[in-house]
């Protein structure tokens, strides 16, 4: 059936010259918009002459049409979920519903410092979402403040630290345990909170090695950070035992919610024994990745940690909804205002669209798709290091002698995005594939067919892949020079 | 500045697969949206069993993501003003302001059959626009009903016919005069009104040949249809004389407004003596072309024709605004409701944004750009058949031995759209260029450079252009077979 | 506010290159008397003032989004995904796809649109779109006359939307084609006499009043006399009702608003026209066809252009040039978003709600006040309510009560005071309750000033 | 409503291929006790009900769009073209640009963003964005500590937004870094004592109260003691005010909302961070750099990733991974749309209106009622109004009068009852009149229940 079409040609501007920077399109005196005309104003008098800058910032000066062309053409130089299959493992690049964008816009004008009586709708939404996410994660209270997954991690580990301190165990507990397959943000977060990181190895079955785990465990441990399923896409079958062991020594169990798409609606971290849970709304809950962000990383906690949450929460009162600053042990604010509200609206829209049954179907079909694609990739000739039923993602490898990077680069010419490569670190040449539930089986078949074609090419001519891609706007940019000799902003080469 | 150059030809990984049709992405049972769930309904009982169709229409069944991919990828297979310089002569492919789209949306929910008391804002806008367009065209009354330029022509010629009939000259006047350079809609319109078309030749200076015009003129003539500037981009310097002569024999003068961008704010068809004027809001007044439409073709008339306008107009009353059906000689309706209202909002937004002075600048800069590009193309080696100061557009030709079609096709590889070719018919291998005022000189320079490069390639290898373009999603589709053996809809090749 | 890139330096440079001294010199061909006309136009605005002005106008409209107003266009469900996809700037700001290589987006989408309209109507050949329903009816009549050659009369049912009939007359009259109306009988079209000189018979179903016509019988009557049968249909109704192709129609036309465009005070929407194979070369407007490119790949092009004005000039089948492509694209995306089941769901619930509305009105004790629901013959999602007060006065009274409903039935229908009511899948019980309450109020001894103002 | 493509046939086929009998079997690894949790969540909704629900919530908010509320985020002019371009689906639905070949759109736009932020701040090295202003202040403090190594104290002016100070403390406390506040003196930051163990001095200008700080002197004080100077600035103010680079700041941070993002109840906006060359390798977050590709063409890539968590893990400069790229893109597009002159116009008119507001308030005879405008020292577009009633009560009373204004000044400032007022280029004389009228009413013998409710 439908094979993936080749990469849509970049018909907008294919030139042997450089694609121009907006600064290179700039001509002194051009304007692309008409703000309100200012009154004659003596800024020096109003602001103090010494406070004024001497030269204006050299921002671009372009016409509105040139502005439009620039960003339209840049958009054509960009893969996206809307244009391309994008099975990045650990990233959950699922469909971002358009209705979410409509609903988010409805709140654009609401100012965070309006009197609560004026923003009852916004507060009610936050209140409902706190509730929904607590139900979904199996926790007792939720802060919507964190601005990304890593920010949620920081929030959570700070709370754990404060909790231990409140219990007089602050000095004693200085270690955070993470699996060797953990995402980089986990150890980095622990360090930011002043903790030492201890890694626990992955066992042969792709799960946390329970024996090794017991060895590093002790009453010096502040927290254990896990994802479940883990970064290999494998469910930690010993999770209840891990939880028991951790709690036995007084450690807190932290859930990195990046892989929630595997379990949403079917199992809850809270029920597994996790004390703190963050969610990536930009993964499971369809807020767009935006080319890097904004994400949103709400944190749910069990009751014993509630009072440590960053303030404010939203509470329901007799009169309606209000901000709740009454959190006696609060770690303090993690960011300004009430979190990435626009994304909270999007996620709320998504949750209420699907409802309970819909969410349960999400994880079912995410896992179905990932297993299906695993089998198809195996048929296509890719070794699967942990070849068992996986959850929402799985890790493959290139056949002996090939490199993941070359496979990835070759895929770009087919108009499909590569999987995540070289993560997790515990698998050599890891190719981590997460198709998500919003993809059709035909798309997965086409991806497998493309990967088979890449292997065929590698067989026919081993040098072929080394120079792939061939059809993209640029080809294998020189990253080494970029880092050695950093050019981080435009500077006009000649006086303009 | 940025030069444009063709893509390299080596296509290593191009797959020969067809881009799929939405029907080929279809799988029975998929849905891309959630309309309100219908109640259990016995349609046979409510509608009559005999009235129900036996098989549902075979519409596409796709997931929302597959839908999004399909149309996003199709959008990437499409040139547009926003992505590409698009200097189609006679088409006025100028920038379509985004603010127009915002304002048009504000009226999406207004129903045309609401009581006038409920739609005062919409009626006020129409009233204001009738006024503005009358001022701009120098006419006394304006109908906003026509849905395109050609529809405006039909409206206008029908009015002229009704006018002559009202004067008892209906039988006598059976001829419409158009220049040989006229757009095809002019003669086609005359035929639709039952008139005979007589062409008047273009003189050596690119204007209507006045002697020839006098010869075909007479009291059998119902109307003379002109554009001014004409389709060569040349201002008819004898326009006042032409008008005098036409009116002398009792003919009505019709203005095809396709070229209004050359004169807007600086001269008015009504002042030139035209009795009926249509405007293409999708040209001069920035409503988008939409890949073919909807256009909008309001018609303005002098006072003696007002009562012949299609009803309703919008009038101002003591209580506000109301529909005015009181047009005793009305030719009748030309379409349902009140015209392409959404586009009327866009055009009104544009007119009010620019204001009087802004409109005057439009024609100034449109004419400046066209003359500048004419000189640049001449320098690049393209003959200019009527080499004089032109208005908003001009006609060039390929150098001897080359074909306009091959130049046009070669341009596609550079990411720029060709000019209009083979129109007007009075110039062999016509290449009609209209840059519009919203383009920067750098864009015009780049276009001239690209055209020079095309000539260079033709010199280097005469066969090169014959197979251009090389980098587009498809290359020189076979139009002859398409017309001989028409395939006008998808039919599944095998049972699905 | 303007959209010009030109700086003073740019202008000076360009003038130098052109070889003139001033911008005015570029306009030397223009007679002096014409230059710098005195136009009564306001000054330009910045974007903030502009939006304020337009938002101010928009705020003067009331009650938008009502789903009780019909008359051919209705506020139906359009999922958010539809405008997001159809209104991508690549589609919005493209020209007619004459350069096929860089217009496969519009061309393929239009080919798909043609297929969908063919599926809905059960006829094989769709063009790429027309202006609107009314002008499509007129063009269909012209087509019939062209095809029939000698004939110069068309019959048109009074059940065809009054505005469509008006437009047909506007188009046909100057060509000396007689337009004869078939009066309705009990709100549907009776079997007409079809003379030999009739080129076409035009019937709308559901008709303007909402009732389903006996299309098969009417088509037979037309064909028996050698005339073409032209069906005018709300495409949404074709989700469940028999298709024109099913009952032998030669041409199907109509307004496409209901399957994917907002009502937008009446436009832009689009007209569709789908015909039988033998009418292909008489079809007005653009048509997209499939072919192959130099490399053998499937490609789409505008085809059969020899019918059109830019090739055939005075001998063209119509003068139509710009059509309503973007509105047709909205419909194509929307039909793909809904799919056959979604479209059926929308149509079904619209029918359900309209019948429920009729039933509730009939049971609301409004007869004494002089209202009467015409629940027979079979109707789709619109039907007639007879009124004790003039139609426009009723509509105004309802509007004053916050209910937007009641398309006036023209007096020519001979129904006295009557309006067309409608319901869609978006109609709620609250909408129905509000209407009934408002009608009950109107039913009270009539508030004089309303009657007076609208008689 | 869901977004799944799977038909029953698809599921059956996939299960066959996988070699299991049911979907549940795929979850066999999950302990039974965990499965099918009982969640208190409502059922799904169709799109119409969903939009109705969300529109209902939106309708419960009042007075949006006010331009008299500040406190760090304000409703500024954003031309229509900005969201149209920045929110193209190719940008919105892209991931972090790790595959540079197919992410030149985001990468180049980010490189351009970095250049613009560098121009505004007068410092050379910008990262690709941070979460928000508050967390950027915290990260800047951490950077200073990393750079200074031995030092473990930072000074922070109380003029820094209270929420930013709070966040900085949250971040710094567990690392044992002391955060010492510099109290304001007459609403600006006095020259502080800077000990040797201070890693950085953080000052915001215009400060939270709106007043312009003596940044050059404060920077000197920091530098004299070997500490870094961290300037926190509203980037809009940098259109006209001296840039951090001008007065020797080492780090500039802040919230970017004011230059192109809607207020949106507080987010998402973005934080920016721009530093001097010698801090480059300490910078947290993503950075885009220019390079060339295999064919020698200019290309952009994420660079210096050795600073980041995915490479350095526990030794990374920060744990930040996702940033706020799309919000930064909104700013970049918006700055390009405005240009230097447009940005200056916006800033100038905002200043003009704020000063006009202050002057009109001062002349409105409100002193007797206990109001006092603090028009000194120099302020930008926000300033303090002392109030006879508690700040929150005042805000509520104004809101009840339909005026959205008055960010409460925390009591720690020692100003008693006071609010921050603000004006932007969008503020109208009508806004000002309404505020004055409302204040005059509040000035009347205070309505008791308001005071009580908010004490």
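The chains carry the letters A, B, C and D, assigned in the order they are written, with residues numbered from 1 in each.
Methods note: contacts are C-beta pairs under 8 Å (C-beta built on N, C-alpha and C of every residue); 3 or more make two chains touch, one makes a residue touch a chain.
As the structure is a computational prediction, the values presented were derived from the model and not from experiment.
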item: Winner on C-beta contact pairs when A-C is weighed against A-D; value: A-D
item: Identified repeat of the B-D interface (over half of residue pairs identical), from A-C, B-C or A-D; value: A-C
item: Chain centre separation in whole Å, for chain C relative to chain A (CA means); value: 46
item: Centre distance in Å when chain B and chain C are each reduced to the mean of their C-alpha atoms; value: 20
item: Centre-to-centre distance between chain D and chain C (centres being mean Cα positions), rounded to whole Å; value: 48
item: Sequence positions of chain D contacting 2 or more other chains; value: 1, 3-5, 10, 47-48, 51, 77, 79-81, 84, 88-90, 426
item: Residues of chain A engaged with two or more neighbouring chains; value: 11, 16, 18, 27, 30, 33-37, 62-66, 68, 72, 76, 80-84, 95, 97-99, 101-102, 353, 438-440
item: In the complex, chain C residues that touch chain D; value: 47-48, 51, 77, 79-80, 84, 88-89, 426
item: Of chain B, residues touching chain D in the complex; value: 27-30, 33-37, 62-66, 68, 72, 97-99, 101-102
item: Residue numbers on chain A that touch chain B, as the complex places them; value: 1-3, 5-6, 8-9, 11-18, 20, 24-25, 27, 30, 34, 63-66, 68-69, 72-73, 76, 80-84, 95, 97-98, 353, 410, 413-414, 438-440, 442-443, 457, 464, 468, 470-471
item: Chain C residues touching chain A - in the complex, by the definition given at the top; value: 1, 3-5, 7-10, 46-49, 79-81, 84, 89-90, 102
